[in-house]
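Listed below are the structures to be examined.
Common to both upcoming complexes is subunit A, partnered first by subunit B, then by subunit C.
Now for the complex of A and B:
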C-alpha cells in the first residue's frame, strides 16, 4: 500500500450524521447542518471518554444484575426466586435446553461479550493497538446489531409481570436484578452509541 | 477565506459523564450490600420425615408471612431422621431462640375443623413459633403444632382425665351444647395416672368457667343397658363423632373465676359429673326403679335420672335420689307430682309401647307452689288435666277385669273419659272404680246411664274348637268401659255418684234398658241368626259395599234359639229393601290359606274392623218383589253365595279324606265350579262327609248320576300327572250326571274310566315283567303313542299279561304282524374296533322302562282291524331289521 489514505476530515469535509450532507470542515467545534439542523461534529466530542464511562458503569451494574434475583415466580403458592443464571439452570434441568441456551446467549453471553468487545475497541482506539481496523469495525457493527437483543429478558419479564397475576396460583414479581439488568443493557447500548466509529479509522495511516 | 477564529476552550480532563460510573458503583455496591445484608440466616431443623418438604420451595411461615425457605433436605447421619436446612430472613433472626418451635403444617380435615386448607394449594409449609432464651441455629421439629399465639386470648385450663377416650386435639368443649372452646393439647400426667387435657375457652365464654364448673366427657354415644332399658346420651353430632367435653357451671353468678392453668377433673359422663339438682322422691316400692337407669321425663324430655335408691328406716317406702337437669329447677314445686309410668301392653297406647322399649320411667306433672326438693310419688298417674271441670264417678263392679289405670271410658266408641283409680270397698266385696268424664262430655251422663265393661275378648273353648267373640276389633284394642244413656237429662250428675258396672253389654241392656229408639230418618228391620259372631252394635249394613245402615240392637228371640238383630236402615236407602232381600254376614276378614292358595275375602276396611251385614236383592223368578214389611224377620245367611242361591250346598261322602280339606276346589273341565266348605266325620264314624258348594251354573250338577273323584298329584321320575295340584292342592273332579236333583253324593276314589270307547287296548304277553310299570310309555319310532295301563298274571300263571293303551290317532299303527319289545334299559355293544355303541329308546325308557313296537311294511300283511284286547307277544329285545321298517300308515285325524 503506497497510497496514503485520506479521511474526509483531512480533506476538509464533514458529514452530517443524520442526513449525510457533506459540509466543509471549519475550525469550529459545533456546526449545525444547514439541511437538518442537527449538530455536526468532525468527531463526537469526548467520544472515547463517554464510552468508557458508560461502559464502566455497565460493568459495575453487570455484577449485581447477575447476582441478585431477577424475578420471583410464585406457582401454586410456592415462590421461587431466580437470578438469571439460576433461571437458565432451571430451564436446562427441566429439559428445555434450546430455550436455556437462547436465554444464556441473550442474557449473559451477549452482554458480556459486548462489553468486552467494546472495551477492546476502546482500548485499541485509545492506545492505538495494532488491531486490524476492519476487525474492529466488524466487531463494532456486531455490537450495535446484537445489543438490542439483550433486552429479551427484560421484555419477557415485563410481559409475564403484566399477564401472570393470579394470586397464589401463579404470579410473577420483578426483583432488583431485573432493573439492574435493564440498566446494564441500556448503558452498554449508550456506550456503543457514544463511540464514534470513525475514530477507528483515524489511525489508518499509522499502521497501514 | 476570512475566518473568524473560534473560541477554543480548554477541555476538562474529566468529563461529567464520569460521574456515571461513580453512581453505578455506588448503586451496585449498595444493592449488593443490601442483598448480602438481607441474606437469611441458615438454620437446620430435624424432622422425622420430610414428606411434603421440597428444597427451595417449602416456605417457613410465621402468622401467614413467609420468613424463610427450605434450602436443602438431607438425611441425618443416623439415617433415621431428616435434616432440613432452611434460610430465615435476617429480620426474623430474633425469633430463633432456644425454645423456638418448628412444625410441618399439612392440611387437616376432620369433622370439627378444617385447618391448613391453604396448604392444599400452596403445598405444606413449616410453621414457626418464636421462643425465648439463647440464640439457636439447630432445631428439632415438633410433631404437632404447639399451642400458639391465638390461644393467649381467652382461658386455657387443664382437665385431668383417666383416659383420653375419643377426645382429640380440636375436639370441642360444649356449654349447653354450644361449642365454647376446644381441646388444644393433651399429655400424660406427670404421675402417669391420667391424662391432662389442655382446653382453651374462647375469651367471650371464659367467664362461664368457675371453680365449681364440672366437666364431663361428651364423646360419642354413651349407652348403659340393662333389663329395664337403655340409658342413652349424646351431645351434638360433631361430639358424637369426634368426641368432646361438656361442662356445667352450677352457679354462673359466683365470683370464683379461674385463671389460666386451672385444673379440673373430667367425669366420665353427665351422671358422674353430678351436675344438677338432687331431689328426693319417695316411692311405695322400688319395683321398676333402677339406679342410674330409670329416668324422669317431663313431656317426653329426659330431665332427670335416678341416682340412688334407699329404704327408709321405717321400711315402708323407698327413697329415690333423682338427679335433675339443672334447667329443671323451676319445675320442682311443691305441687309437682311424680309417678312411675309402667309399660302397658296395649295396642293403642303409644307411650306405653315406648316405655316397653325404653324401660320404666318416672313421669311428672308440674304443679304450683314453692320450690321443693322432696316429693312423695303417686302410685298412679294423676288425672288427665288440671283445669278440666268434668265429673268424677264411682263404678261398682264384682271384679276389676282387665281395667287398669287410664283405661278409656267410651261413648259410642269415642273416648270421653278415663279410669283414674280403683280400690276395694270397705267390706272387700266389690271393686270401686273411679272414673273421670271430661267436661266436654259430662252432659252425656244421666241417672239412667248404664256402664259395662267393654274390655277384652270372650273366649269359649269347646269340642268344636275355640270360639272367640269380641265386639269389634277396635273394642279389643282399646278395651275399657262403655256406657249408654238412653235418656239424657239436663240435670247435672253429682260428683262421685255411684253406678253399677255391668260385665258386658247384654247384662247392661237386660237390666231394663229400653230398646233402641230409631231416629226419624231410619227404618228398623229385623234379622235372625243363630250366632252373633263378630256382629255388634254399630256393625254396618252394606248394600253393594256401601254402608246404608247399622246394627242398633240385638236380643234373643222368644224361644231363646235365635238372635234377633235390629238394624236401622237410613230412609234414603229404604227402597233397596224388599221382601226378597237376602242378608248375609260380612264377617270381617276371611283368610283361607291352604294348598289351594290364599283366599282373602273382605267387605271393606270398616267392615273388617266392625264386622257387618251385606244384603242384596234376590231375583226369584217365582216371587214378585214386594215392599218390605216391618214385621218381616230376615234370615241371615252365612255368606253371599248361599244367600243369593248362587250356590247349592251338597254333601259328598268320602271313605278317605286324604287331600280333602275346607277350601278344596271342585272343578269341571279344569274350571272351578265350587268348593268344599267343611269336612266332618259321618255319624257312623266310618266315612267322611264333605260339605261343598256348587256355584253358578254348576248348581245344575247337583243331580243323581253325578260323580266326584279326587284328583291329586302323581309323581314319577318322568311321569307326573296333575302336577298343578302339587301347588294348588288336590281338587275334586266332577262328571255331571243327568238324573233327578240330588244333594248327597258318594265320592269315587279314582277317576271313572272315561277312555273306554276310544283308543286301542291291547294285551302283551311276556314271561317276565321286567321293569315295566303302570304308566310306562309305549313308543313308536321313539315317539310316545300310548301307555301301560296295567298288568296281571295269565290264568295259568305262565305269562304276565300287560294291558297297554294306544291313543286313538295312533291305533292304525298296530297291525297283526306288529312286533312289541321291551325297550327298557340300555343296549351297549363293545367292539375292539368300533368302540362302544349305545342304543336305547328315549332317556325316559332307560330309567323307567317302556315298550316299543314296530310294524313291518309288508302290504299283504295289512289287516284292517285289530280287535280290542288282542294279544301280542312282548319280545325281550328287537331284531335289528325291525328298526329298518318304515311302512306308510295313514293315521287317524
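Now for the complex of A and C:
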C-alpha cells in the first residue's frame, strides 16, 4: 500500500461498536453514543488481557473435557462409557466415515485449532509480529464463525439422553466431561468476542 | 484510497467497525454490497423493502417456532416401544435427570434466544411500520445483536442427523412434525438475517427513537 490509511481514532473519531455511528473524539473519558446509549471506547478496555484470561481458562478445561468420559450408555444391563474420541471411533467402525469426520472436525479439530489460532492472533497483536493483517483478520473471522459449531457433540448426547428412555432396557447419562466440553466452547466463544479486531490494524502504518 | 480525507462533515464519514478505517460513506444501491477496502468486511447490503420483508420472515418464523419446539422431531421405536423427542422434552429430560447445567445451555440456546430474537425484531419492525416512537428501540436492537451468536438451532439440526445415525443400527427412526417445522424455521431465519440491513435500522432508530 502506497498511501497511508487513516484509522478513525488517529483522525479524532470514534465508531460505536453496537450501532457503528461515527462520533467525534476529544480525549474525553466516557463517550455515550447518542443513538444506542451504549458506552463507546476507542478500543475495548483490556481487550487483550480479557481475551487471554478466557482463552487460557478454556485451554485448562479442554484437557479434562477430552480425557474424561462425556456419556454412559446402559443397554441391557451393560454400561459403556464414551469419551469424545471413542464416540468418533465407534462411528467410524460402523461405517459412517463422513459423519465421523464431521464430528471429529467439529469437536476435536475446531476447538484445538481455534484456540491455537486465537493465541497466535493475540500474540501477534501484543508483540507486534509482522504477520499479515489480512491473514489475521481472516483467521479471526473464521474463529468467530466456526466457534459455535463445536456445540454439536453436546446436542448429540442431549438428544440421545432425551430419546433413549426405556428405563430397564437402555438409558443414557451425561458425564462431567460433557459439561466441561460445553464450558470450553462457551469460554472460547467469549474469548473471541472480547477480542477487539481493530487492534489488529492499529499498527499498520509502522510496517509500511 | 485517497491521500487526504475531508473530515469536515461528520455525516458523510463512515468507519469500518472491524478495522477502524475512516472512509467517505457512499450510498449503496439495493442489491449491491459495500465492502471495507482494507479488511474486506461487509459494511452494508441493502435490499428492497428490507424492513417489511424482515417482519414477514420473522412472523413466519414465529408460526413455525412453537411446533418446532413442542412437536417431536424424532420418533424412535426400539423393541416394540415408541419414544418421541421434541426440543422441549429434551430439555425436560435433562433437567429431570439432574443435568441442570447442560439443560440450561440447551434451554437458552435452543428455546430462549431464538424466541427472544424474533420478538425483538417484531417489536422493532412494527414500531417502524406504524411510525410509533419508542425509547426501547435502541435497547431492543442492541440486544438482538448481542444474542446473535448464541442461538444454536442450526447446530441442533446437524446434531439430529448425527444422533439418528448413531441410533439407527438398533432402533427404527422416523422424522416427526417438529423436524419439518424446524427446517422451515431455520430457512425463514436464514432469509431474515440475509435481508436485515442493520445500517438502515439504525438510521430509522435515530429518527423514531426520540
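One rule holds in what follows: the second predicted complex is superposed on the first by the 203 of 208 C-alpha atoms of A that agree within 3 Å, B and C clash if a C-alpha of one lies under 4 Å from a C-alpha of the other, contacts with A are read in each partner's own complex, and residues count from 1 in each chain.
Note that in this section a residue touches a chain if its C-beta (ideal position, glycine included) is under 8 Å from a C-beta of that chain, and two chains touch if they have at least 3 such contacts.
Everything numeric in this text was worked out from a predicted model, so none of it was measured.
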Partner chain in contact with A:26 - subunit B first, subunit C second, else both or neither: first
Subunit B versus subunit C as contact partner of A:15, first or second or both or neither: second
Which of subunit B and subunit C A:187 touches, first, second, both or neither: first
Which of subunit B and subunit C A:53 touches, first, second, both or neither: first
Which superposed partner A:61 touches (first subunit B, second subunit C, both, neither): first
Contacts of A:169 with subunit B and subunit C, given as first, second, both or neither: both
Which of subunit B and subunit C A:159 touches, first, second, both or neither: second
If touched residues of subunit A are counted for subunit B and for subunit C, the larger one: C
Subunit A residues contacted in one complex by subunit B, in the other by subunit C: 169
Residue ranges of subunit A in contact with subunit B within the complex: 26-29, 46, 49-50, 53-54, 56-58, 60-61, 63-64, 67-68, 76-80, 168-169, 176, 180, 183, 187
Subunit A-facing residues of subunit C, complex: 1-3, 5, 7, 10, 13-22, 38-41, 74, 76, 78-79, 81, 83-85, 89-90, 93-94, 97, 99, 101-102, 105-106, 109, 138-139, 141-142, 145, 149, 152, 155-156, 158-163, 165-167, 169-170, 198-199, 202, 205-206, 209
Complex contact set, residues of subunit B against subunit A: 3, 5-6, 11, 15, 17-21, 23-25, 27-28, 31-32, 35, 54, 56-59, 66, 69, 118, 121-123
Footprint of subunit C on subunit A - complex, ascending: 1, 3-9, 11-13, 15-24, 35-38, 75, 91, 94, 96, 99, 102-103, 133-134, 137, 144, 147-149, 151-156, 158-166, 169-170, 173-174, 178-179, 182, 186, 189, 193, 197-198, 200-202
